[in-house]
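Dropping the structures in below, format is structure tokens.
Look for subunit A in each of the two complexes below; its partner is subunit B in the first and subunit C in the second.
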Partner chain A sequence: MTARTEVVTTGEPKVTERKHRRQLSEGAKAERRLGWLLCAPAVVVMIAVAAFPIIYAVWLSLQRYDLRFPNQAKFIGFSNYGAVLSSPYWWHALWVTLIITVVSVAVEFVLGMLLAILMFRTIFFRGTVRTIILIPYGIVTVAAAYGWQYAWTPNTGYLSALFNNSAPLTKTGTAIAIIILAEVWKTTPFMALLLMAGLSLVPEDLTKAARVDGASAWQRFVRVTLPLMKPAILVALLFRTLDAFRIFDNIYILTQGSNGTYSVSILGYDNLFRALNLGIGSAISILIFICVAIIAVIYIKIFGAAAPGTEG
Partner chain B sequence: MAATTRQKSGWITANTVTILLVLIPVVWIASLSFKEPSTITDPTYFPKQWTWSNYKGIFTSSEFTRPLLNSIGIGLIATFISVVLASLAAYAVARLKFPGKKALIGLSLLIAMFPLISLATPLFNIERQLGIFNTWIGLIIPYIAFGLPLGIYTLSAFFREIPWELEKAAKVDGATPFQAFVRVIAPLAAPGMVTTAILVFLFCWNEFLLAFTLTSTIAARTAPAALAFFTGSSQFAVPTGSISAAAVVITIPIIIFVLFFQRRIVAGLTSGAVKG
Partner chain C sequence: MRSVVAGVVGVTMASATLAACTSASAGTGPVTINFYSFDDHSGAVQTAVTNCSKQSNGKYTITYNKLPAAADDQRLQMARRLAAGDTSMDILGLDVTWEAEFSEAGWILPWTGTYKQQAEAGTLKVPLQTATWKGQLVAVPYNSNTQLLWYRDDLVQTPPTTWDQMIADAEQLAKEGKPHLIEIQGAQYEGVTVWFNTLVASAGGSILTPDSSKANPGQPWLTALGIMKKEATSVAADPSLGVQMEDQNRLAMEAGTAAFELNYPFVYPSMKTLQPELFKHFKWALYPGVTANEPARVTIGGIDLAISKYSPHPDLAFQAALCLRDKPNQLLAATEGGLPPTLESLYSDPALFPDYPFHAEILSSLQNASVRPQTPAYQSVSIVISHHVSPPAGIDPPATEQAMAGEINKALESKLVIP
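Let's look at the complex of A and B:
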């Protein structure tokens, strides 16, 4: 190697490999600097608003910090976590949240798949269907939730009237079912759009070949289409599961978490902004954060969902 | 392969059912908003007596007009800044090689998945100390931060598809770098940026939890949060009609967006998800 490092004084014709490589790396360095420079503003904002506050929340969660008695604030280690984890309210909230998440994501997946196939295959008013289903996606959750609340209010709602003027929002089971209904109505279109994008990537030839080989429509769907759609399915499920786990708006408007319909987010909110207990509230926030992280890890590690954007 | 009559009617039924399932709850809110306050407790689907009084009521009260203004202002400012910052980062992600790219994507993904309630407390406390609690800035900054992951994600997928060789070609033809950017690249990048702006704006317009916890008066409260505080046109009236009217008003922009930008919204939502 040393033999080839003569100093090049006269320039271009005698450029050695080594020199060439160094030039490249200088170009790469400039590119690197530009890359960092362009990303810096976005990174600063994201760290300031998300990363820093979450660390601050960890610190708050280790304090006894009640806004009504700010002078008694004190470092108490993991006591807040002990208090939350030994409280039946936390486990009830977690249970409610898990039921809402699992049921609504499962129902959305089935309906979303049907809707995706409908939008993909239908010949009649395809454009109308594709446009119309964006309304639930775009509508303000709070506005839609009021619609559902009034629909199920006795003496006001057409749905309540259909069921003998009943008040289903006042009973735990039916109230949770209505929360799931509101959630499913609002987010199935999103699921369907992601699944439809996955459907469009399945090569037509493969399903045709399977048809020639005598596979029934169901077999073609399960054996050919579904496996090819797996990446799209996993991304759609990951997004929706994490989103459903955070459910707040729908519950807050429909029941305010009364009659045992509170989710973990509602519980966190109640402790923070009603009881003004920042210590306990922050501990709940951090526990929710950990749950979300666990769900993401399960999807990515066990199901092999590619974290969107990581490849390509 | 001509569709048989049975297949045809099957598709038509399925489509009709879908359209009805979407529209029934939406039309219900609209029809509630047109009901006379005295007939609101009459559970018919359509009003028997139509009235504009609910709309007149909400537009004469600053309890709704001010939050509506807040929603528009906060949404537009946050969307604009978010899309500008996201474009810079997305350009870098799509076009440049630099270490830390994966970390950036990881960070934005992490933020996109953040449970908002986990941030509500610390932000509440920090904003009170900084004196930006219950101000536009206090909502704009978090909205930018949550618009960014969506923006970086969608835009980098769009930017990857742009034929960047055209830029070189324009330079070979004698265009300055500035001209090459303005005449060639910007028009190609614009659709992706418009799409991203729509998605970010929809997020800001829809957001409830932060708008609810980081504000205390109508000075900065946005429309969705204001709905939860409605008391009705008089102290004794049930706010059902006013809330429904306000819900309709904040839904109208969404329907307009959807009708005008249907293709773009779909493209934006699905861009990153399947192509990776």
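Let's look at the complex of A and C:
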């Protein structure tokens, strides 16, 4: 494997690689075979748990497959996709999901960066500070979501009481704001943790040199620290964007998707498990899968984030 | 190698144990009948289960498995397991809206022969209709439920018999500065579908055509939508109408802000315990109609018992289900659990009267009741309706009627993305 990477980076990849392969000794060939054999079980497991469900979902999405009308199941091509893409509910869900994703990731990034710097620079009680910051991330999302739900319920919740016993979870705008708040509260520590790892990549010497050159604190942060942290930042944003796009649990507990607060995942769940319409539900799942793939491609190709598993 | 051997030994042992289990249940001891139903806190269901197990003379023992609290979760658990052919469920406690779906999917057995005769004997007609799909009896009515009009006789001497009259009464009370709200379910959920269904049926219409193949819009829909809109935009409407469910209605009535409440009989014992002063003036009447001469056709609720197609002991399951809903056990469920019986004769049984002073109104309401749209796609149809009629103040009768009919038709063809 390492041999191949070297060749690729030294140019004329295909020709050299082929030649190189032919030159492999018997021993190396045997080793390679063993390598494949050793990872074969993992490949089989991955096909069984990842590839098969995806292919099956694609197959279901091309049929009228409704558990309630089993006798009328039939292949209908892309009709389900037509039904989903022409439904105002899908576009509403996508819009809600995008708002939640963009706002929560942006806020998490700013807060996470502040917390990361705080954790990184703390001299006293370093362990305690880091532990305290990580507490929200350690709480089960569903349990935390119930906490938020009770807090915002009129007559029982302290947060609702602060706002005149109002019921913000019953209105679209405020309910989405609360969902974002719950997301931010919950996952900012995760963002901070990833960013702190990035901060530790920045050599102390460079910031010191910049300081000697007369750069202000802000200039040092923007011109030196941020560029050097870029790989870590992009990975953190990629992870969080993909996570946020698939948001389900917070909405499921807080509003159950009522009053127009449903995300694409909630829409998929409702069509699969409440309507028992496997055709439409699978089409929604595949569309979510495609959206997630597009987000990943944008990050990796356009922003140049390193794909997880490769070198940055 | 050693681990492989251990694995093989493990598998062999496991299958030996499984075989042992199977043979034990096929032996001479009483067969276990698994009953899946709502979680009954009154203890009435558990008592019935124990009694029926005893009465079977060693033929079977019923195990009462409690389903989750929310109806959606109950349905989902049963549907998921039945879709996978789970053989560990025998008797299923189905909400009155799931029979068509479970039957069409081939998950429950039809009732025939003597079982059918026993199930139908003395049972009220409308509850039986909820257990019927495509002319076949597919379940047996266990209990029923219906709404009455609850009112305060210190505010209103004679209860209104129509919606128009009730709204006029409320407006008059508001002018006099007295409690005047009408409490009804307006949140975006099943309850608001029930309100719409009751009004449509009372106006002489139905949500679906008789063969359940299409939406059936028209004047009754417009009348129903008009009444909902009128109520929601009058002073009689509770400010939280758009988020209110049965329990919020109960609380508002108990708080003394309302004059009328359309709700199930569970509000009666609650008022008795929690607000003894208001209870003195807490009275009931039949649900108001749409026109003066026609009584309302109130939508019924309740539970039917069905037998799983995958039950290993269907005969015993039919017998056990019939026992669970026999006269003594229904009386128990009514007096302990507060659930209206489906056997007509119980309504003239004096044992019912102390807990059911409103037994005559309940019986009359059940005899003239309506059922929710019967279709396997009920869940989607109900979601469509609740999305269009809630919040009720936002109804625009002709436009709402058209939009709703279009989406219901799509839902019936599995083409609808439900919100």
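As a convention for this text, the second predicted complex is superposed on the first by the 287 of 312 C-alpha atoms of A that agree within 3 Å, B and C clash if a C-alpha of one lies under 4 Å from a C-alpha of the other, contacts with A are read in each partner's own complex, and residues count from 1 in each chain.
As a working rule, contacts are C-beta pairs under 8 Å (C-beta built on N, C-alpha and C of every residue); 3 or more make two chains touch, one makes a residue touch a chain.
Fair warning: this is a prediction, and the values are worked out from it, not measured in the lab.
In the superposed pair of complexes, A:S87 makes contact with subunit C only, with no contact to subunit B. In the superposition on chain A, A:S285 contacts subunit B only, with no contact to subunit C. In the superposed model, A:G157 lies in contact with subunit B only, and not with subunit C. Of the two partner chains placed by the overlay, only subunit B lies in contact with A:A232; subunit C stays clear of it.
In the superposed model, A:W95 makes contact with neither subunit B nor subunit C.
When the two structures are aligned on the shared chain, A:F273 is found in touch with subunit B and with subunit C. Once the two complexes are laid over each other on the shared chain, residue contacts for A:F190 go to subunit B alone; subunit C is not touched. Looking at subunit A, you'll find residues 273, 284 touch subunit B in one structure and subunit C in the other.
Across the complex, subunit A meets subunit B through its residues 28, 31-32, 34-36, 38-39, 41-43, 45-51, 53-54, 56-57, 60, 115, 118, 121-125, 128-144, 146-148, 150-151, 154-158, 160-161, 165, 185, 189-190, 193-194, 196-198, 201, 231-232, 235-236, 239, 242, 245-246, 248-249, 252-253, 264-265, 268-269, 272-273, 278, 281-282, 284-286, 288-289, 292, 296, 306-312. Put simply, subunit B touches subunit A in their complex at residues 3, 8, 11-12, 14-15, 18-19, 21-23, 25-26, 28-29, 32, 40-45, 85-86, 88-89, 91-93, 96-102, 104-111, 113-126, 141-142, 144-146, 148-149, 152-153, 156-157, 160, 202, 205-206, 208-209, 212-213, 223-225, 227-228, 240, 243-244, 246-248, 250-251, 254-255, 257-259, 262, 265-266, 269-270, 272-276. For subunit A in complex with subunit C, the residues that touch the partner chain are 64, 66-72, 79, 83-84, 87, 89-90, 92, 167, 170, 257-259, 262, 267, 270-271, 273-277, 279-280, 284. On the subunit C side of its complex with subunit A, the touching residues are 72, 76, 79-80, 83, 101, 104-106, 188-189, 240, 242-243, 376-377, 379-380, 383, 410, 414-419.
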